[in-house]
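I have a structure I would like to understand better, so I am pasting it below and will then ask my questions one at a time.
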Amino acid sequence: MSPIPELPPLLYEDLVRAALREDLGVAGDLTSAAIVPADLTTTGQVLVRAPGRVAGLCAACRAFELLDPEARVDSIAGDGADVEPGTVIAEVTGRAQALLSAERTAMNLLGHLSGVATLTREVTLALQGLPTRVVCTRKTTPLLRALEKHAVRVGGGANHRFGLDDAVLIKDNHRAIAGSAVEAVRRARAHVGHLVKVEVEIEDLADLEGVLSLGVDAVLLDNMTPDQLRQAVAIVAGRALTEASGGVTAEGARAIAETGVDLISIGRLTHSAPALDVSFELSPRR
Amino acid sequence: MSPIPELPPLLYEDLVRAALREDLGVAGDLTSAAIVPADLTTTGQVLVRAPGRVAGLCAACRAFELLDPEARVDSIAGDGADVEPGTVIAEVTGRAQALLSAERTAMNLLGHLSGVATLTREVTLALQGLPTRVVCTRKTTPLLRALEKHAVRVGGGANHRFGLDDAVLIKDNHRAIAGSAVEAVRRARAHVGHLVKVEVEIEDLADLEGVLSLGVDAVLLDNMTPDQLRQAVAIVAGRALTEASGGVTAEGARAIAETGVDLISIGRLTHSAPALDVSFELSPRR
Amino acid sequence: MSPIPELPPLLYEDLVRAALREDLGVAGDLTSAAIVPADLTTTGQVLVRAPGRVAGLCAACRAFELLDPEARVDSIAGDGADVEPGTVIAEVTGRAQALLSAERTAMNLLGHLSGVATLTREVTLALQGLPTRVVCTRKTTPLLRALEKHAVRVGGGANHRFGLDDAVLIKDNHRAIAGSAVEAVRRARAHVGHLVKVEVEIEDLADLEGVLSLGVDAVLLDNMTPDQLRQAVAIVAGRALTEASGGVTAEGARAIAETGVDLISIGRLTHSAPALDVSFELSPRR
Amino acid sequence: MSPIPELPPLLYEDLVRAALREDLGVAGDLTSAAIVPADLTTTGQVLVRAPGRVAGLCAACRAFELLDPEARVDSIAGDGADVEPGTVIAEVTGRAQALLSAERTAMNLLGHLSGVATLTREVTLALQGLPTRVVCTRKTTPLLRALEKHAVRVGGGANHRFGLDDAVLIKDNHRAIAGSAVEAVRRARAHVGHLVKVEVEIEDLADLEGVLSLGVDAVLLDNMTPDQLRQAVAIVAGRALTEASGGVTAEGARAIAETGVDLISIGRLTHSAPALDVSFELSPRR
Amino acid sequence: MSPIPELPPLLYEDLVRAALREDLGVAGDLTSAAIVPADLTTTGQVLVRAPGRVAGLCAACRAFELLDPEARVDSIAGDGADVEPGTVIAEVTGRAQALLSAERTAMNLLGHLSGVATLTREVTLALQGLPTRVVCTRKTTPLLRALEKHAVRVGGGANHRFGLDDAVLIKDNHRAIAGSAVEAVRRARAHVGHLVKVEVEIEDLADLEGVLSLGVDAVLLDNMTPDQLRQAVAIVAGRALTEASGGVTAEGARAIAETGVDLISIGRLTHSAPALDVSFELSPRR
Amino acid sequence: MSPIPELPPLLYEDLVRAALREDLGVAGDLTSAAIVPADLTTTGQVLVRAPGRVAGLCAACRAFELLDPEARVDSIAGDGADVEPGTVIAEVTGRAQALLSAERTAMNLLGHLSGVATLTREVTLALQGLPTRVVCTRKTTPLLRALEKHAVRVGGGANHRFGLDDAVLIKDNHRAIAGSAVEAVRRARAHVGHLVKVEVEIEDLADLEGVLSLGVDAVLLDNMTPDQLRQAVAIVAGRALTEASGGVTAEGARAIAETGVDLISIGRLTHSAPALDVSFELSPRR
């Protein structure tokens, strides 16, 4: 696998800090303050307890570093690693109070993002040998978009739009207001900048020629049968990218990909991926 | 069902605003700006497309109100309603551009929180007739804790700790540092305020008497077999609450509840609930 | 002129609030507190004192509304209006203390953004009759990008990238690292999503064929002579958009446009536009 | 030149961080992520391409440091240096991805602030040999006031009020409400603290004696002819500072200064200074 | 008493919102959510239980309005009122849950600020008939400076500097670095703007002539005996304001004022004023 | 004294940063910028000038570190130390400008928090030999709760609730709405989580049996005479904690404690503790 670039911490550091504050509240970690000696330094292991693909390790471990700026994180199997239950993927050494106070925040991030990567991985494996790419959507968790999109890339998927601001995607509601898909595309082309791509959702294959003639970059084929998809791919004939969407599961993906669409977009990669089971265990003292 | 109190908007408004900014970026909603007339007012329907329990409707609809302070939200089936596919749960009237720009943020919140409530509901139904309560954990999504805990309540569950700051929960790592469960409880009791409860995770039933003699409020029985749980319940004999945890599924919950434990805590309620399928559709113009 | 959509207030409200705080400090408006009766309500006029095009009126007037939520703003000549010295473009009625405290913040925004629109207008007028479009760059004032890009649109220009996140623009530094323009484009194509366009800066016309064969969407021709530009346009032959840049002034723009380039990008539209002279005058009391 | 103190980073660090976020958005720097190897370290030069005076170098370079905390900035010609085209004023060594992602934010700040210093320098040079001081106004760019005021000092100018909170400045609107300049001054003197100075704008020289008798610290003479200014200076006779304002240009400043006014305030120093042309170039690899 | 202008809410609204969040945490008001019906509307009275002067009523009541935007606050005895135990100073009508959740935040602000006004009032009464003014210092509570300075004005006192940014105050540490008080004043005069006043702390009366000859605006006479103060006043002879400071109590203030100093500054007005006893009582239901 | 754990800086760092900004404003520290050479490094001493107990030293000194990240703080007598006038409790070495700019913010925090600890210490000493614990309330200064609660612990007291979110406390207003204390307790028990304790304020001793039978954890006895308290303690007979409150002073505390109550809560510990006199003095240069 070619390496997925790490996110710059500026893109997630405020999130991690806010998550720590959410957990610490005003009173802080009552349990650790009462039980753990302030000057105790220790080492803990970040452990994966189920098979899956790791994602978000840096963001997760930032939680430890924010509570103990002197903490040292040694990454053993970073983002993109496929691990078996019981694998230690990082070791963290620092003040024991800080590590325990950060543990849940770190594990919540790691478990969620690795869950996204693991589900994405599952789908991309199902398409092995086919050229179709798996992409995620804007159906992400509030404030986690940068990290979840990263996790999708780590899982072998690609990213669709990051927001309302980086491309045009004309959907049913826009089409209804414009009166037709063609008119909606026409308005989009007239208003957006020269570096903005335009994709349009097609409900009726009869609309395809019209929008293609206006030079759309991609067509979104929502909730179509494999037959309809095949037909659409044939009509488009390479003049635009074709994207299938609509309740796609890991099991159903291959049949859709075999219709020849370029992309399959799957909301559940980000909104319904079960968390990967991860934990943080203090190393036994020697 | 007795009504679950709404959250005060102060607890989630900043989150919704930040989520809108995440989606709008600097350029804003390119598609709506290009296609939708600025002065068009319209009505849209919030629709549930799968069976489930609604949660988070107010927080979700705040997205519409933040982009159009004049928008009117008419709630038809609010938090706690059990709905069938196709149910319209709210109607929103306002500037069309604003409604479409807020749509995804609103649906992401509603789908996620309703997913949490729906899964919780499923588990609580499985325990019908038994006194055992289902509780969630601190395994929540960063910055969504207040809303997810609310969704659990809406689903018929109860809340465990909200953070590190509102109760003591002694887990394996603390026990390891203190040397024993008893010593950990002793330290906690000595340090925390008079309105703070103390729960301790027990690995070995032999530890039960010791911690009970120190007056713990609850014991956490992690990853125990039904037999062990039954034994623990017998030893505790009402002197503290008993809580079972560890990979509990909706299917496995009843067997655990039948051991007589007071509480079953389930992380997946918040970290792995699949989103409920919801959408926002502009009403056909008349 | 077809109307330019207003920005959603969410995109600038925090900026205006922060600008008011910057001016008010901890002590607030000493002068108005000392001189203006707290209960005095008054009306003031927003006046343009030099010829130009108005932009940013809504954002500017939000300053008045933030200090007096009851204030009423009556817009007379909004964004896009070309005005002569002495034109009253809005009337604001509210608490006199609040209006005077907000005056400078409002005028600073209005003067700056109208200055951007006015300069842009000047350049677009110079190209009248030619198909070449004027675009701005990312050389914007920190935190004012959304508003400045809006002002450019109001002035008749178009927008280039809004940030590092919405398109790929390969410049000299990237090319140097990749080894060649072609290799840089190849890497970009391999990594970015299907809705992301790719533009590449060309220093040597010999590179054109290579990058065109990889399907770039636009080529940036920096600091080229009209002859070189003409040559480039001929080579590209419609296979990508052509963009000229490099110290273009209002005077020099037409000669460049006549080479047939599709776009001229001009940093000074946003970083060096002189402010339009605007002021806020309390109406004489009747 | 006696050195101008550096600003404490606390006064601008949040601005630089927010400006980086504005440019990075949610997706980050697509181009650098795709093209630049994550582990590549490089050195780049901050270059001035036009004659001018440098200002804001520390604030600008903070952008590099925020994206790469390990980056090393070697300042060669800092704030206050007068440089010729082609001068390298700093070298920055760090992770290439981070440097390229920060480049535009850094250059936007440096170009703008150096533009302010350069224009201020031009005006102060025009007054050489005269005791009159050049001061800026509150006509600054939102959120950049601390930095722009610093740039004015670096350019040889002085600062007028920093906000509504540090001195009283009675202008036409206040005078109109109070009924007369004298009454306005009386109210100000009665209400403000003992460490607050009071300046009053005078429209009619007949008002001068009245306000001087109340002990104003300065009089603002707006849009007066040199003859009127001379007359005002004679009447004031050192009892207060005299300040001329109103559309002063670098060319017209000397004639005004020769009237003997103590200060000339010029809004365009901050609101209309063209940016200085600066750039960041990766050093050729050796 | 001439009315003290209200502060613009922009100066304290964020503080009140943050204080509410500090009290509500993530879980919100457990008690009210459990006990108070969500739809119950009620009226409560803000009651003063000890003699004192009211200050901060608007800021305090903003807490109610932030939790219930529909709440109505009827102010009966606002800032500046001198009240006896048992006086109802405001009535608040709104959702009972919201009022009870905001109660403590509101009362904490009101009690603290009224405490400051009450102590200030006590000192100013002690000086009745004398021209000496009582001023507060920068020894304020973090983030409460605007409100505490307001409370001092409400109590009949005046404000000294609001921050490090609105005037120069040369103290012992600065003098030590500069080498002498005269040299410190010389440096200050050379660097600060024309609307900035300069005050210098004098330890040795022999320094007075030197600093007066440089035109300082005020001299701070710290920890001097009445005799020394009298001597200093005689030397200064109206050439600058004279300010006495150093552990002044309400009892000791008059003796100091009788030395003829213009100002007495008292840190304890803001850092040690006991809170006024205030409470919020729901009106008995009729 | 067993050591009181330090607070994690995350709980107060934003407060200290905001307090510095409140003091620095936009213009920064005019005095130090004018007088203190930028490159001067110096050492200063944190000095206590009155007898008392130190609290908040780390938070206070963070102010120095935030303005000079290279500053070195050597703590001599940290939180919990009882000091005599003239004691040097810390030495700080760093850039002189930064130290002087941070001085007031640091001393304001240290003086206030040490004042809280000193008053708490005074009360706890008054109870020596008795088992009754002194606790603080939610009558804290906005945004200082975490630090003030810490200072109370440092002074030998204990903490009551940290917020509305960590325990139930039923007061008169809740009781009035519920109709009776018993009904209020019943509702609380039915709704709150298993780790939440419930305390109820009792006005009439006749209510005691009812609430005890519902298993309340503590009863709050407000404004009762020693006789009433004694009676209440006898009725409760260990079935719940007993807490006395209501205008308790250091002098009156012992008599109350002797009634046998478990806890005495005192609002004035946090809302009315006079600041401890502390200062920061630059060491004489050697």
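Note that the chains take the letters A, B, C, D, E and F in the order they are written out, and that residue 1 is the start of every chain.
Here is the rule we go by: contacts are C-beta pairs under 8 Å (C-beta built on N, C-alpha and C of every residue); 3 or more make two chains touch, one makes a residue touch a chain.
This one's a predicted model, so the numbers in the text were calculated from it and none came from an experiment.
Shared contacts of subunit B and subunit E, meaning chains that touch the two of them, come down to A, C, D, F. Between A-D and A-B, more C-beta contact pairs are found at A-B. Per-chain Cα centroids separate subunit B from subunit C by 44 Å.
Separation between the centroids of subunit C and subunit D, computed from CA atoms only, is 22 Å. The residues of subunit D that reach two or more other chains are 22, 24-29, 33, 101, 145, 159, 162-163, 165-167, 169, 196, listed in rising order. Taken chain by chain, the contacts link every pair, so each chain touches all the others.
Residues 15-16, 18-19, 22-37, 40, 42, 44, 96, 100-101, 103-105, 107-109, 111-112, 115, 138-145, 162-174, 176-178, 184, 187-188, 190-192, 196, 247, 267-268, 271-272, 274-275, 277, 280-282, 284-285 of subunit D touch subunit C in their complex. Interface residues of subunit C, counted against subunit A in their complex, comprise 133, 135, 158-162, 165-167, 169, 193-197, 199, 217-218, 241, 243, 262-263. In the complex of the two chains, the subunit A residues touching subunit F come out as 17, 20-21, 24-29, 33, 38, 66-67, 97-98, 101. Per the touch definition, subunit E reaches subunit A in the complex via residues 22, 25-26.
Against subunit F, in their complex, subunit D makes its touches with residues 3, 5-8, 10-11, 145-146, 149, 159, 162-163, 165-166.
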